[in-house]
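In the two complexes below, chain A is the common chain; its partner is chain B in one and chain C in the other.
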Partner chain A sequence: MKPLVFLDGVAFSYPGAPEPALDGVSLTVEAGSVVGVSGPAGAGASTLLLVAGGFAPRLTGGTLTGKRVIATERVGIVFATPWTQLTGLASTVLGEVAFGPASLGRPREAVLGAARRAMRNLGVAHLSDRDPAALSGGELQRVVAAAVLAMEPELLVLDDPAAELDPAGADALYALLPEIAAGGAGVLVATPDSERLARVARWVVVLEGGRVAREGAPGAVLDDTDVARVARMTGCPAPLPLDVPAALARLAR
Partner chain B sequence: MSGFSVCWESVRFAYDGVEALRGISLDVPAGASLAILGPNGAGKTSLTRLLIGLLRPQAGRVRVGDWDVAGRRPDEMATRVGYVFQHADQQLFERTVRRDAAFGLRCLGRRADGVDGALEELGLLRVADKHPYDLPPPLRKLCALAGVLAMEPGVLVLDEPTAGLDRAGRDRVIAALRRRGAAGVTSVVVSHDVAFVAETAERVVVMREGAVVADAPARALLSDAAALAPLGLEPPPAAALGLALGLKGRPIRVEECAAALGGARWRGA
Partner chain C sequence: MLHRAHPYTPLAVATGLLLLAFAFRSPGAVWAVVAVALLVAATSGVLGAVMRPAMLLALPTWALLTVLHGLLGGAPHVAVGPAVFSVAGAERALVLGGRLAAILLAFLTALATVSPARLVEAMTARGVSFGRVYLLVSTLTVVPRLRARVRQIVDAQQCRGLRIGGSPPARVRALGPLVVPLLLSALAEVDEQALALAVRGGGASGRRTALDPPADHLADRVVRWGVLALVVAAYAWKFAGASP
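Take a look at the complex of A and B:
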């Protein structure tokens, strides 16, 4: 499949920072795939998303070295909190979600169709006429995600997109990611939620201190779910099962 | 610091005509640990904001210990209730993490003795001299929590304390809450993280559309998949594993599940 993002030996430093936020990072995101990013707080996951999406250093300043190819201009990014992503220009949820596709110059019917589809997928169709400013944080986060999906990006970058969502909303959002990839997009998602990441990602990159500590299939590189902890505490050999079905398959009964 | 009881009496609140709280009554004894679950927009944050007078009920009454919140100023409430917002950036004011964690104490005219202890507890001593905004958002949230813990309030109110946190940070918050619980501090935690709730709360309330739809001991509710399903919730992974294996004692926490599973034989992958 076509690589949408290709990073080879990339280092990135924020302006004035004494240490690079990323150092020697290589990453490929192909069309049709979901790639996950994991790692402790401050390891560089958010920075990697900004670099892979082309947002850094363009919007952040700083210095990028190494090879970076981003083979699409249709990039959408969803952050963990909604407040920084609202347009501030729409008085209804529908207006907010339609703003992106409308600004791409698409015909009215296509704009409304994409907006309504995205709102349905994120479970916010019932909020269509509400003022975004009067929604709860979690509702707003769904609206923001819908607004990005409505633009039908070819590369979708998500930074812990469900941190504020209820479990049903988080499951629904993560379930969309393989569907979006199946439609031909590339998806790059960072989250400390290893349970959900393992469900959707084909490949996971684990960062530590701005470097790739390990990468591979989720089951081979993640080991910090609750089920994995129970398994470790009861003497299970690696690789640890990450969820209940995997644990049941490994338990001799 | 001993805890205070918390009581909502028939409280109602609406935003511009949209009802967020439809007559809620809950009584939380001093020293109890309550978690509030529920879908986005259920009214969880609105309910907790009443505790510090950030929202005033349009009907009903809110009490913290023997105080009616309606008659108290925010600085008075801050001596009893420590509140960590969903978005920590709303409560970070200073140029270093250490100064920020001491902000609340200074505002109350108290000595900043407990600050380093709180920073250490949350793994922040190594970044104590950094600007809070130079930290990634999850650590900013811990910074806000450190400031609240340093004030040693009798009631802790945490809104989504684990959102975005990595496992190490989450473990520290769990340990901090358990320590406060053991010391008699009352806690009210709003969270979508059912596994975190299982690790920290004795009692769980589920809200939907501004009303309480379930109120039960954590172990009874979180180990009951049939009761959780209509609430849009599932048992946390440790409880789900316990249920799938028929483990005794209805474990809902990781350590409980591991103890109940003791002697298990695992196959290689």
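Take a look at the complex of A and C:
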């Protein structure tokens, strides 16, 4: 598959920071794949997303060294804090979601079609006429994700996108990621939620202190879920099941 | 009345009232403009909403103008009870105070009647660049956004034991824990919002698609051209040296 992002030995420092936020990081995100980023708080996952999406240092300032190739300009990003991602220029959810396609000057019907499709995919079509400023955090996060999807990005970057969602909403959002990838987009998602990451990611990079501590298939590198801990305590052989469905499948065998 | 108008109309009326207030020199004429501004606010159903902030902003300035011009102005003077007022100074204070009242009432009425989303659509339909649209609309909406954030910060700090009442020194001390988070959170938000707008085509150079542009009725255009005609006439009168 076509590589959308290729990082080789990339280091990045924020302006004035004494230590680099990333150091010697290599990563490839191919079209049609979901790649996960995990690690403790402050490990550099959010910075890696900004670098991989081409937003750092272009919008953040700072210094980037190493090789970076981003093969698309259609990049969408979703942050954990949905209220900072509203345009503030729309009085309805439909207007908010349609803002991006409208910016591209597409015909009105195409803009509304893309917006309605994205809203249906994120389960927020029923909120169409609501004021975005009056939504709950979970509703707002799905609206923001829909607004980014309406731009039909080739590379979708998500930073802890389910932080504001209830478990059902988080499941629905994560279930959508492989579907987006199946449509030909590359998905790069950072989250501390190892269970959901294990369900959707083809490849996971675990960061520690701005460096890649380990990487590989989720079952090989993620072992910090509650289910995995219990499985380890009970003497379950590797690879450990990372979530309840995987544990039940193992028991069934 | 103005709620249903094209968004350019309330802005044109507000600008017209501002310019008219500065076209006249006599207290009577200036306060007649204030009366029109009050009438516009009342007929738009926002008089109650604009009077309180207008008074809060105007009263301290009126008091200062009264002292500076009324009490400290030159002869002739007139005694009102124990106070002695300069007649010319009092007139000057009335003119300046009236202009301030007209500006506040006109623009608070425009803020209360113009929907930012409709204004965006109207400007987009006219081909105004996104940068200019965003600059204007974010300026118009900055006060309510900051007010909402201040409320959240006050709630959070009070939960952590901050007392915002009491003596004036105590109130001043309480400002730090309120202002610092307000500024820092606003700066942090600007970064993420800039990114969010960038990925959603905010910086695109082409013309945006207007999805639901507000109708610009004949009545709107008549009002706007009427305001322009009044302003031109008032300034022609002023420069001819005949205006009140």
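By our rule, the second predicted complex is superposed on the first by the 243 of 253 C-alpha atoms of A that agree within 3 Å, B and C clash if a C-alpha of one lies under 4 Å from a C-alpha of the other, contacts with A are read in each partner's own complex, and residues count from 1 in each chain.
Assume a residue touches a chain if its C-beta (ideal position, glycine included) is under 8 Å from a C-beta of that chain, and two chains touch if they have at least 3 such contacts.
As the structure is a computational prediction, the values presented were derived from the model and not from experiment.
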Partner chain(s) touched by A:252 [first = chain B, second = chain C, both, neither]: first
Which superposed partner A:168 touches (first chain B, second chain C, both, neither): first
In the superposition, chain B vs chain C on chain A residues touched: B
Contacts of A:81 with chain B and chain C, given as first, second, both or neither: both
Partner chain(s) touched by A:229 [first = chain B, second = chain C, both, neither]: first
Which superposed partner A:136 touches (first chain B, second chain C, both, neither): first
Partner chain(s) touched by A:41 [first = chain B, second = chain C, both, neither]: first
Chain B versus chain C as contact partner of A:190, first or second or both or neither: neither
Touched partner set for A:148, first chain B, second chain C, both or neither: second
Interface residues of chain A shared between complexes with chain B and chain C: 81
List of chain A residues in touch with chain B within their complex: 39-42, 46, 80-81, 83, 130-131, 134-139, 141-142, 160, 163-170, 192, 195, 219, 224-227, 229-231, 233-239, 243-244, 247-248, 250-253
Chain A partner contacts - residues on chain C that touch it in the complex: 115-118, 120, 124, 130, 133-134, 137-138, 141, 145, 188-189, 191-202, 204, 206-212
Chain A - residues contacting chain C, complex: 55, 59-60, 75-77, 79, 81, 84-92, 95, 98-108, 111-112, 144, 147-148, 151, 153
Chain A contact footprint on chain B (complex, rising order): 15-16, 18, 38-42, 45, 86-87, 135-139, 160, 163-170, 192, 194-195, 232-234, 236-238, 240-241, 244-245, 254-255, 257-258, 261-269
